[in-house]
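Below, each structure is written out as structure tokens.
In the two complexes below, chain A is the common chain; its partner is chain B in one and chain C in the other.
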Partner chain A sequence: MNHAAVLAGRAVLAAALLGIWEALPRLGIADPELLPPFTVAAATALEMFARPSLRADLWVTTLELLAAVAIALPAGTLLGLLLAESERLARIFDPLIFFLFSIPKSIFLPMFILTMGIGFWQKVAFGVFSTVFIVLMSAAAAVRSVRPDHVFVARAFGASPVQIAWRVYLPSMLPILLEGLRLAVIFGFTAVLLAEMYASRTGMGHQIASWGENFMMDRLFAGVLLLSVIAIVVNETIRAVEARCGHWRQ
Partner chain B sequence: MSPRAIRWTIIAGVLVLWEVLPRAGLVPVLFLPPLTTTLSVAVTEWRSYGAALAVTLSQVMVALLFAVGGGILVGAIVGGVARMRQVLLPVFSSLYAVPLVVLYPVFTAWFGIGSEAKIAFASVYGFFPTMLSTAAGIQTIDPNLMLTARSMGATPVQRLFRVILPAAIPTVLAGLRLGGALVIIGVVVAEMLISSAGIGYLITSSRTVLNSPHVFAGVLLVLLIAIGFDLAMRLLEKRCAAWSGAGRARPGASDVRPAEA
Partner chain C sequence: MSQTLAPDAAAAAADAAPIVSVTGLGHVYPSREGPVHALADISLEVGQGKFVVIVGPSGCGKSSLLMMLAGLRHQSEGAILCDGRPMSDPDPDRVGVVFQEANLFPWLTAIENVAFPLALRKVPRAERQARAAAMLELVGLADARGRYPHELSGGMKQRVSIARGLVQNPKVLLMDEPFAALDEQTRMAMGEELLRIWSETGKTVVFVTHSLTEAVYLADEVLVMSARPGRIIDRVAVPLPRPRTYAMMASPVFGALRERIWQQIRASAR
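And then the complex of A and B:
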């Protein structure tokens, strides 16, 4: 199949799904009180987005996520580099790190509330805890992906250590580091929203939870739609950058 | 000292600190109840924990059926049919970015706060990763097997049941491991958010009265279950690994996703 046909297939699929979402409540097959039609949810989302109170909640969630990633990214990268460069450290810590990487993080959320309350930094801390191991693993994988013969050739041609870091290591590592960043952002987003839904007075997660409790289905679906669109757009943007940085590998 | 010995020293050190720091008053007991206190709570309160775990696990079983069954089936179809793969796979991996946790209020509004909402949420939570990992694993099946089956006149249904599925068993097991972990956490997280029973509910209700030892004991139990499930699945995978290399073009790349945020 050519590219146009693939895109057409996706467009048809998306239109069909949204059409079903629209048709079920409109035709009375689903209760519109429980499933508001797509157009209603989308209109509510646009109307909510124009309101300062919702943008304030969105801003709180964004800040929590940005703070979490801003801490987890350098910390995780640094630890990952250490593990990848020192064989001894790797042999001691790799199994522990892998264990910490693979255990579920959400279950620790109540402990964060016991120690830090329900403020801004508690959510940031939980976000960092949920993402730092992903960054660490990606950073270690990124270093290990640098091909020794590339380094060897660069050295043979008299490249300085700075040049090797800048011209060999960085281009090799960048796509994998970006993949780590992308996963950190999407998992961090989930973590921050969960923390807000669990116990919070602000943020989009808090709003989503309270709309659900109060049966405000139009707003609940509008909120879910809005957050989904944001998550997909951010994810695809990072992925596009990733593809640009990795095109020479093929 | 060997790396292994150092590692175990570190682990032992962490456990000792867990006991000593709160006992010495260096860390408030509210933040970190001593290890022995936590364990003794799990032992003395085994009745309430056992009852809560029974509720949680029964819901995990049902959700596992939906999430892993559906995930493997859809994954096999999407990954196995070239056109579906081209059109759908990138769409699904884009959808993977959506924070599914925001769907739980939708399910509680639809089904109430009983077991249905938890099962629905955990099923959706476990479905996508299982499906993506199955779809990725299906592609690693040796194309020669498919070519042979086709040239001998196997119908698409025969090809699915006689070639694709048997060759996909290692992938399926990896999907089951990943999906199962997510389903367990999905049910517990749902219980922590809003519910009326289960281990997650017990953890949250202990948290609201600031009963740290009960919170820690509950978290520890959930972790043990998640880790135990993972180990059991790995063992099963290892047992199936002896012949699984035969039907595959290259090792599956299904293990790269972190289990959960």
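And then the complex of A and C:
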């Protein structure tokens, strides 16, 4: 199948899904009070987006996410490098990290609130806690993906340790690191929104929770649309960079 | 243990000053079952511009020996001199290396791979490009400069690897079973190609292989190693004229040399 046909197929699929969303409440199959039509939700989204208060909420959520990723990324990468390079550390810490990785982070949220309140940094901290293990594991996997024979070749041509790090380790690891970053952003977004929905006075999560509680379904769906657009744009951007840096992996 | 030095081998070694000289090299490494004697009492000289091939049974340490010549591993005893100085660390100005798997960096294009050793030495970009392009031309891959390794065939990858080994203009090219992973036909063609490159550049080549046919076809002199601990048990001069041709493989001289090497290896492996 050629590229144009695939694109056409995708467009048809998207139109069909949105069409069903539009049709269900319009035809009275779904209750419009519960499921407002797509066009209504989209119009509400545009109208809300023009409001400074909503932009402030979007901005708070975005900042929390950025701060969480900005802390989790270097911290997790550093820990991952340590574990991948030190056999002894890895043998001691691996089980602990696997356990922490497997526990749903949401059950710790009340403790974050009790210790840190419901402000900006509590959400950042919970975001870091939810993402750092993903970054750590992908950094360790990235280091382990570096082929020893590539390092050997670089040594044979007289590469210094710094040159080996820069010219062999980094390009080898970059695709996996970027994949880790992408997952970290997805999980970080989830964590920040969850923390906002659970207890907060600001942010998109807080708004979505209160629209739901107050039965303002058109706004709720508008919020879902706005957040979806943000998530998709961020995700696709990282994926594009990933593809550029990882085209050689096959 | 036969230490017969064929008269013509002695002559071949004497007619040029040695560029590589190894004296009394031995190697012992520790293992769970106690120390392993990998190499013992190895002395050899390689004259300038010569093509020397090392053969021996699997595990005889011939690749280890080559890695020591490259300065990538350290022997426990004995001395290695290359161009008059010890090889304690890798030195790409004296020695270029071609590995068994081409081991190109998959994230670099063919020309970037060839230029890699120059980039390490911070050679200016324009000069790097020019020299790498010239090397790709030499190995017959001028058209493939922008391709990535996954877009190249096995033989092409090895050509890129040879170009990378030569780009710093080293005195000696060390090749560790470079064609072992290639199919028979590609392997034959690469052997011929290597001899052309060798005669055009005048480099000294030390080449490790499993293949006796390849050894006799390529070499001025074949060094035969025994099973562990690896020693040099025979030095076979190959008096076939150059340029070598495939037809020579059918000649009685070729067959006799191959038979002699095979008998040595078989006896040592028992």
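The definition used in the following text is that the second predicted complex is superposed on the first by the 250 of 250 C-alpha atoms of A that agree within 3 Å, B and C clash if a C-alpha of one lies under 4 Å from a C-alpha of the other, contacts with A are read in each partner's own complex, and residues count from 1 in each chain.
What we mean here is this: a contact is a pair of C-beta atoms (placed from the backbone, for glycine too) under 8 Å apart; a residue touches a chain by one contact, two chains touch by 3 or more.
Nothing here was measured: the structure is a model prediction, and the numbers come from that model.
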| item | value |
| --- | --- |
| Partner chain in contact with A:Phe108 - chain B first, chain C second, else both or neither | first |
| Chain B versus chain C as contact partner of A:Val168, first or second or both or neither | second |
| Chain B versus chain C as contact partner of A:Ala125, first or second or both or neither | neither |
| Partner chain in contact with A:Ile186 - chain B first, chain C second, else both or neither | first |
| Touching partner for A:Val153 - first (chain B), second (chain C), both, neither | second |
| Superposition-derived comparison: chain B or chain C, residues of chain A touched | B |
| Shared chain A contacts, counted only where both chain B and chain C touch the same residue | none |
| Residue ranges of chain A in contact with chain C within the complex | 149-150, 152-160, 163, 167-168, 171-172, 245, 247-250 |
| Of all residues in chain A, those that touch chain B in their complex | 1, 6, 9-10, 13, 34, 88, 91-93, 95-96, 101-111, 113-115, 130-131, 133-134, 137, 183, 186-191, 193-194, 197-198, 205, 208-209, 211-213, 215, 217, 220-221, 223-224, 227-228, 231-232, 234-236 |
| Residue ranges of chain C touching chain A (in the complex, touch as defined) | 70, 72, 89-92, 97, 99, 101, 103, 105-107, 116-117, 119-121, 148-150, 164, 168 |
| Contacting residues of chain B [partner chain A, same complex] | 3, 6-7, 10-11, 30-32, 83, 86-88, 91, 94-106, 108-110, 181, 184-185, 188-189, 192-194, 203-204, 207, 210, 212, 215-216, 219, 222-223, 226-227, 230, 258-261 |
